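Chain IDs A, B and C follow the sequence of writing; residue 1 opens each chain.
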Amino acid sequence: MYHIISMRDFSRDEIDLILNKAKQLEPIAKGKKSDLLLGKILATLFFEPSTRTRLSFETAMKRLGGEVIDLGALEVSSVAKGETLADTIRVVANYADAIVLRHPREGAARMAAEYSRVPIINAGDGAGHHPTQTLLDLYTIMRESSLSGLRIALVGDLKYGRTVHSLAYALSLYHADMTLVSPKQLEMPDVIKKDLKKQGAVIRETTKLEDVMGDIDVLYITRIQKERFPDPAEYLKVAGSYRVTEELIKKASDSLIIMHPLPRMDEIAPAVDRTKYARYFEQSFYGVPVRMALLVMAMETT
Amino acid sequence: MYHIISMRDFSRDEIDLILNKAKQLEPIAKGKKSDLLLGKILATLFFEPSTRTRLSFETAMKRLGGEVIDLGALEVSSVAKGETLADTIRVVANYADAIVLRHPREGAARMAAEYSRVPIINAGDGAGHHPTQTLLDLYTIMRESSLSGLRIALVGDLKYGRTVHSLAYALSLYHADMTLVSPKQLEMPDVIKKDLKKQGAVIRETTKLEDVMGDIDVLYITRIQKERFPDPAEYLKVAGSYRVTEELIKKASDSLIIMHPLPRMDEIAPAVDRTKYARYFEQSFYGVPVRMALLVMAMETT
Amino acid sequence: MYHIISMRDFSRDEIDLILNKAKQLEPIAKGKKSDLLLGKILATLFFEPSTRTRLSFETAMKRLGGEVIDLGALEVSSVAKGETLADTIRVVANYADAIVLRHPREGAARMAAEYSRVPIINAGDGAGHHPTQTLLDLYTIMRESSLSGLRIALVGDLKYGRTVHSLAYALSLYHADMTLVSPKQLEMPDVIKKDLKKQGAVIRETTKLEDVMGDIDVLYITRIQKERFPDPAEYLKVAGSYRVTEELIKKASDSLIIMHPLPRMDEIAPAVDRTKYARYFEQSFYGVPVRMALLVMAMETT
């Protein structure tokens, strides 16, 4: 069995295996018929909403010929009647061949895996992990740029941003050259930076995005999410710190690609969408082949 | 590519093509197995609820062997986080082979089509268009009566009723003889009447439904929808103006059929359901073959 | 046509037929591919939430190769606009090959059957019937113990508990020896007990669960549901009256199995899950083959 809980559980070889499997399945994500998972059922359990992630998994499963059952809105389920997560998981594992779980509590996916007789795929557990987002980010870099010799700027909230911590860790396995761009208050925590360096990453820090535009292959910008801040006042000081505009990308190297996990608010001006640098919609598409790869690997080994 | 935005985009020949395609697909709507759209995915994006329209599309897609993904309730999606419609459309177009969109804002479907690399099917945009409802109304008349030499009464709110404006326009292409039956306050706007006449329709107006019962082939009655009125007081003056009863249909010509887009409130007495005139449940069924035809045409030409 | 409304509509022979059909289909519930209901559509109409029952039906249908359409949350549907149940049923029957209905009003399923041209399967109608729960309970006993010569204790709220009334009736057809264990205030109504005896059941009553542990084959314990009590004060007096613990099951006969319709609150201690007596998760799984049997029988005879 093959639970997918955290990027920390994967070696670089295992990551490469997943990315290559995704590449092999990409034509199916684009519409080629498949019955690889015909007769299989995936259950989606979203204890907090994430329409995009849910739809991406659902698309992946259905393109592979499989079926999806969705627990639906929380407030109407047995969970609302006070059922434990352990019981919910045991019941749903009776219906499905794999379970995608999103939960607001850190560690929920790991705990669910202990009670499930079918694979658990973590689709985000609070401030914890969200490995499928990281894998699709890596896949986007592999497909649209290169994971080898990569120079990347990670921009925005590097303190609370779960997406970015997980991605930085994975990129350190590829010895990436990372420039961390954030307001002083939102710098990446020291403990994480130390860990990245230990893995083999080169780390640089700055508060000025414009200074690095000519020296990077990938610009990865994220939304500064109000809901991650313990104190709303702290949020207001830094909201809107960075914005990718037509003006800014004049300084970009020719091969630069711009990524964003979406949804975006005003981090990227709409005018940038039409430039050759934009890859955030491709990135969102790549969620499908990556999740296909995980679904196939999870259910093949059941 | 084949967006379906407004009845105004179709010539009479194109409408006939859709209706004939629907007729050809009708056995599948009744349960005959099909894999015409096997491997295809339809996304349903309902920015305002319309269970009936959504279920009808979902049924059409699944009867054809295809799959459906649903964005689900708005308030839990990225849209709630402030994402633009353009971004939502671009992301969902990465997952699906066609998108059914319902939106409260007039013009939303046309705008969505500009950003989508897959066909957009408009399932209603506010006070704007709802072409699949009009097409199923035409199909019902074709199957249960006749589009040629048609004498029809359109009854109810002819001022705000979007359904009726769109149907009247389409019927004018068939040179229908239309009797407009409404309270004075809810008469069809002059600009629309002028346009209908220009297209070839014969137009008559009255406030008394009973006077026309013997001279029509189709009685099309609609609900007077409170939510379309700018002023609730105006609504109260006209609510319940017309009601089809057993008494009323005694005056009907033998071949009359009664249509209603459903849901009905008290516009048609339940006793009428058992008469030979009732066709509103058949009409709701015909939504399936008509939407099948549109889905097949949209995805075949992708 | 084959509506499934109430256990009272089935003879013991018909029940045995369903249970044997379920046994035959059980491998499909466990993942064996099937296309028995390929091309068929099941509509789920839940006028009150019951995620577990809905998912179980959905799983059953999809494992059999069929498709599901769901009316979704009530408050957003035509029902909210005031449509009658009769109209909703007539419209949905145009889309689907069978309808699963859950409704808060007793008698709703019977009424729906009058208006539907496709089979109605009752998934619970208020204080009325919930035959598929009873059938899965019987199936669990058949698979994990024995329906013949059965000694069973029914424990908890025997006054308001719909599940238990329906199960007791069905067990009386198998001449079961039943021990009714409840607080005085929640005893089974006399009229039901009389009826059970007339059918051939042996009935005993006690308030003390520990006294019967050595003399039963099946312990069936239910949640005391606050929402079934007309008076909350009455509920508080009896909440938590019975609890199955490791201590208690020391007195159990070797072949005892413990059942619970789930979700559980604190009626069964988590430590009991790991014992050989626990069967409540198997019981929840058995909902799938039983519902498969009903779906196949309903749609084969359409």
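Throughout what follows, a residue touches a chain if its C-beta (ideal position, glycine included) is under 8 Å from a C-beta of that chain, and two chains touch if they have at least 3 such contacts.
By chain, UniProt protein names: A, B, C = Aspartate carbamoyltransferase.
None of these values were measured; they are calculated from a predicted model.
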item: Steps needed, at fewest, to go from chain A to chain C via touching chains; value: 1
item: Rotation, 0 to 180 degrees and nearest 5, that superposes chain A on copy chain B via CA atoms; value: 120
item: Rounded Å distance between chain B and chain C, as computed from the means of their C-alpha atoms; value: 41
item: Junction residues of chain B, two or more chains touched; value: 73
item: Chain B contact footprint on chain C (complex, rising order); value: 38-41, 43, 67, 69, 71-73, 76-78, 81-83, 86-87, 90-92, 94-97
item: Complex contacts: residues of chain C adjacent to chain A; value: 31-34, 49, 51-52, 54-56, 58-59, 62-63, 73, 262-265, 270, 281, 284-285, 288
